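Look for chain A in each of the two complexes below; its partner is chain B in the first and chain C in the second.
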Partner chain A sequence: MNKVYDAVVIGAGAIGTSAAYHLCEKGLKTALLEKGDIAGGSSSHCDAVALICDKLPGIDTKMGQASIDYYMELAKRFDYDFEFDPKGCLYVCETEPEFEAASKYCELQNNDGYALRMVNNEELCQMEPHIAKDLTGALYTPPSGSIAVSPYKVCFAFVEEAKKMGLEVYTYCDIKKINLNGKTNGVESVETNYGTIRTKRIVNCAGAWAPFIGELTGLKIPIEPRKGTNLVSEQTERLCHNKILEYGYMMSKFDSIHFKRKVSPLAEELNVAFNLEYTKANNLLVGGNRLFRSYDIRSEIETMKAIAERALRFYPELADIKCIRTYSGVRPFVIDHLPIVSDVDSIPGYYIAAGHEGDGICFSPITGRFMSQIIAGEETDFDISKLDFARFAS
Partner chain B sequence: MIQRDVLVVGAGPAGLAASIEAGKAGAAVLLVDLNMQPGGQLFKQIHKFFGSSAHRSGTRGYDIGEQLLREALEAAVEIWMQSTVIGIFPGNKIGIERGMDGKEKELVTVLARKIVIATGASENAIRFKGWTIPGVMGAGAAQTMINVNHVRPGKRVVMLGSGNVGLIVSYQLLQAGCDVAALVEAAPGIGGYAVHAAKIRRAGVPIYTGYTIVEAKKGKDGCVCGCIIAKADDKYDPIPGTEEAIECDAITLAAGLKPVMDLPKLAGCTLTYSSAFGGYIPIHNDRMETSQKGIFTAGDAAGVEEANTALEEGKLAGISAAEELNLISKKKADILRKEIWERLVSLRSGPFGERRLKEKESVLKEYAKRAGIPAAEDQEVEKCH
Partner chain C sequence: MSEYFSDDMIVCRCEEITVAEIKQAIKEGAKDVVGVKRRVRAGMGLCQGRTCEKLVQQLIVRELSVTPKEAGTSSARPPVRPVTFGELAGGAID
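What follows is the complex of A and B.
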């Protein structure tokens, strides 16, 4: 085989499939290469929501909102149903200090024009009748800034819609070598088990595995796998109507924000923060935590126990609901908690869209659009220079 | 977290035998099983064991079960019933949910030096219209109902499948006072031993070879009230226009068993597909050790066979686990294993057994190849047969 493409996207998760879709939309003949199956990595080992209220104020939130708005548009435009479900989100506060910190965060976001608001204990209990009665209150985000999608189906939706525009997909594809031009150092071709694929542009969307693709051309991409675990309940009545998270979740996500929580040593050690959502099939997803365990995604019994213990504190009725399985996945962690969506100065034709940690599903549509704009040489919707790979140059 | 030398999952013949051998050698053995009583399928086997030179032929299953329980008690095996292993976690940690619904339940973590997975097999289902209606069940489930719980699954039963399970359970249904309305078999001939088929035939059960079930009919009470059968073509698909209706209130499916692979998968054991053994099984060596060091398997989980082979494989696993714990010398373990393999080879003879013997050999070879043991030991594997 000696195929020629305008662009080759590596990785068929939420980011790569979106990038491939948007490149096809720009009229580029595009191939999507995936070492396993579509959505086989982090995008099938995660939860299912896209929120603005778990983002830091600024570009993080701005991208989140733009992506959520875009999801709404795609849900109408796509023939493929990816189970778009606008559901609000409650960041519940266990204590006064948490409530105060959340209020400050809310104010910052309000100043930027986002419709978040604080709810007190009484209103919280009305909104969520099954929640523990002793919580101080919550930060509420309406569905305009908080939605759910099926992460699997988002990937398949992008692939199926892109195929209509000529996308070609190579699954179980081993990338052996990336050849660069001897003079310009620009991208020339990709050697795979399917043969050599010629292209002038490759987009590394391999998420937590992006460093391995980077190594092929001597690029050091500072992404680390960070493990997250979810418990799945049996089908049950809707115990919650919004996505529920504890405000302490911010702590497990952004080490820079510190709150002293009243948690067990186990929950502390395993970096556990409660979150809960219902799925379309009415199973509950109960999370979560973040740990560095390299690429090992085997479930750990201590983590399972700590997550369950933390969940019972916020939803005592979960004690009567069975956990049917657990799963873990790696999130592509970047030290400054911002993804890399960028070209690479040293290699013309090399692009990176990776490192979204827990925001891959949320940022999927907007990241794909940005990437296609960068490759087409257009101005991006808004300034994303903070996501430039060059920030790691020093 | 509690610690044990050997944790055995599944208290059927394989798990009991493994526990007894390891316990006799002095290991602290914990045997867990989700059922109420140990013994696995033995206590529903009210028939005499058959087979050519099998050392327990002529003995009834439940007698073997009683004997094994006595031996386990003597070997100081700790048994937790109504306990479900929910996972094997990194570092040989096993999560066990102890206790049943509605009662006190606790999640116990056990750190085990060696693990034996003897989780047996589950029944295969056959999908046809109405296959989920109450009254459609596995033949093994029906056998448990009549022989263990003493409850008839129905008054008039249609059995699908004429392997030994289908034949024996049909006969036991008759003994329990059920009317067996039909024995339906998609293949052109009876699958099991002729001696069992003859018993059914003598009792007047209509046998429909070359037929399959097209549909289970739902009655006013929401349960099975009959079924439609039809002649089957060479792909076992129904031939239109040949349908016949049979009245019945239970349909039992004897469509074979497949090894239960949840725990080997969770433990990261390398699996291989074997149609002779019913599905995916962990590759293992002649000591019953899987590709994961310290994790053993035995019985139907290592390939669906019968109680006698399960017992022998369980012994292999128990002896080998004890040997790795330095409780039995290599010399003694080798002698014991050699004797067991001789019995296994004799059990795996005859028209049904030979295929399994060949298949077992190829599983051992695959282990040698894929689990990467030294060539010298590889040759020893060959010598064992």
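What follows is the complex of A and C.
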């Protein structure tokens, strides 16, 4: 059977499904290839929020805001319900130094026009009656910059909406070979268990697995799998009304390698930072941590203990609530914390949209739109040259 | 099994998911127990599929003419039974 497409997207997670949707929107005959099921990898092993307040000031935040605005539009436009839920976010500060650092961050974001603000202990306790009473305060982001979605339903939504525009989906698809033109080195075809698929354009959206797809054409894509873990509670009262995270994690992630939180050696060793959210079904998701464990996503009992212990520091009432499940997933980590959304100079017709680490759900809509603009030869909504694959050329 | 499985029968008791909803998930592309779970929440409740998993598997076997092995099972994830966060944090679990 002869299959010919204008574009082939590899990977049906939050990025690939969005890319496929937006390519269909541009009128391209598009196929979506996925080694397992839709949303089978990182996009079903993560949490559910899109925030601007976990981003660095600059393009990181700008993309976050653009994507959140776009989610609001898609929630109205799509028939498929992806559980869009505008809820605010509180980055809680355990100590004065954290509060000061958060205040500085808040000021930077305010200067760029984002409506974040600091709340003191009293206001925090009013906003979140179940939270520990001794916290210094928090950085608050209103729902205009902080929303929740069901991450896997986002993927299903993009697929179902794109099918209406002619998208063809190949799940459980093994990609055996990518053939390039002998003269131009341009993309020619993809060999799969469904046969040979002819196309002049492929988009590598395989996330943490993007390097394996890259290898097929000799491309070295510098993405590493970084493991994250969440605990799921039984269905219960909504202990929190906003997404809750501890600010200390931001400091240890971005700001200062000298900063040390007052946490147990286990939490320190396993890089645990507290976060909490409720889901539409009224489970609580309690996280989390970031570790390099290759592609091993088995749950680790020590991590579960450390996450539970850290969670009780901020929400003592969790002590009597039951944990019913733990899951881990890998996040596609890039050293400079920015995704790759780009063409590839050496291979005409080869594109990459991958490496979003923990921002794949947040950046999903905007990344798909950018990729379709790049492929259509249009200007992107704003300058994304920082996301160019060429930055790794040296 | 069709004589016992009417469309309005609840399969997943925790999440109250019916035969019809599971069939719809299969229609939308679910090929295994995990695929059904992600699309309609069957097996995501308090019992984590202890009751419904075999029934979901059988429905997939029937609808798609696959083997039970191909229909698969839910991924095994701890805890084996619900424990409180207090017990977890306190080190009562090894």
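Rule of thumb we're sticking to: the second predicted complex is superposed on the first by the 386 of 394 C-alpha atoms of A that agree within 3 Å, B and C clash if a C-alpha of one lies under 4 Å from a C-alpha of the other, contacts with A are read in each partner's own complex, and residues count from 1 in each chain.
Simple rule for what comes next: contacts are C-beta pairs under 8 Å (C-beta built on N, C-alpha and C of every residue); 3 or more make two chains touch, one makes a residue touch a chain.
Treat the numbers as computed from the prediction; the structure is a model and nothing was measured.
Participant: Under the stated touch criterion, which partner chain does A:H241 make contact with: chain B (first), chain C (second), both, or neither?
Facilitator: neither
Participant: With both complexes superposed on chain A, which partner does A:D37 reach: first (chain B), second (chain C), both or neither?
Facilitator: Touch status of A:D37: second partner only.
Participant: Using the superposition on chain A described above, determine whether A:D296 touches chain B (first), chain C (second), both, or neither.
Facilitator: first
Participant: Going by the contact rule set out at the top, does A:D320 touch chain B (first), chain C (second), both, or neither?
Facilitator: second
Participant: Which one hits more chain A residues, chain B or chain C?
Facilitator: With both complexes superposed on chain A, more residues of chain A are touched by C.
Participant: Just checking: does A:K29 make contact with chain B only, chain C only, both, or neither of them? Give me first, second, both or neither.
Facilitator: Neither partner.
Participant: Between chain B (first) and chain C (second), which, if any, makes contact with A:K305: first, second, both or neither?
Facilitator: After superposition on chain A, A:K305 lies in contact with both partners, chain B and chain C.
Participant: Once chain A of both complexes is superposed, is A:K200 in touch with chain B (first), chain C (second), both, or neither?
Facilitator: It touches nothing on chain B or chain C.
Participant: Overlap the chain B and chain C contact sets on chain A and report the shared residues.
Facilitator: In the superposed arrangement, which is not itself an observed complex, chain A uses residues 299, 301, 304-305, 326 for both chain B and chain C.
Participant: Over in the complex, which chain C residues touch chain A? Could you list them?
Facilitator: 15, 28-32, 34-35, 38-39, 41, 44-46, 48, 75, 77-79, 82-86, 88-89, 91, 93-94
Participant: Given the complex with chain A, which residues does chain B contribute to the contact?
Facilitator: 87, 89-90, 93, 95, 107, 109, 266, 268
Participant: Over in the complex, which chain A residues touch chain B? Could you list them?
Facilitator: So the residues of chain A touching chain B come out as 296, 298-301, 304-305, 326.
Participant: Residues of chain A touching chain C in their complex?
Facilitator: Touch list, chain A to chain C: 37-40, 44, 152, 156, 160, 169, 171-172, 231, 233-235, 281, 286, 299, 301, 304-305, 308-309, 311-312, 318-327.
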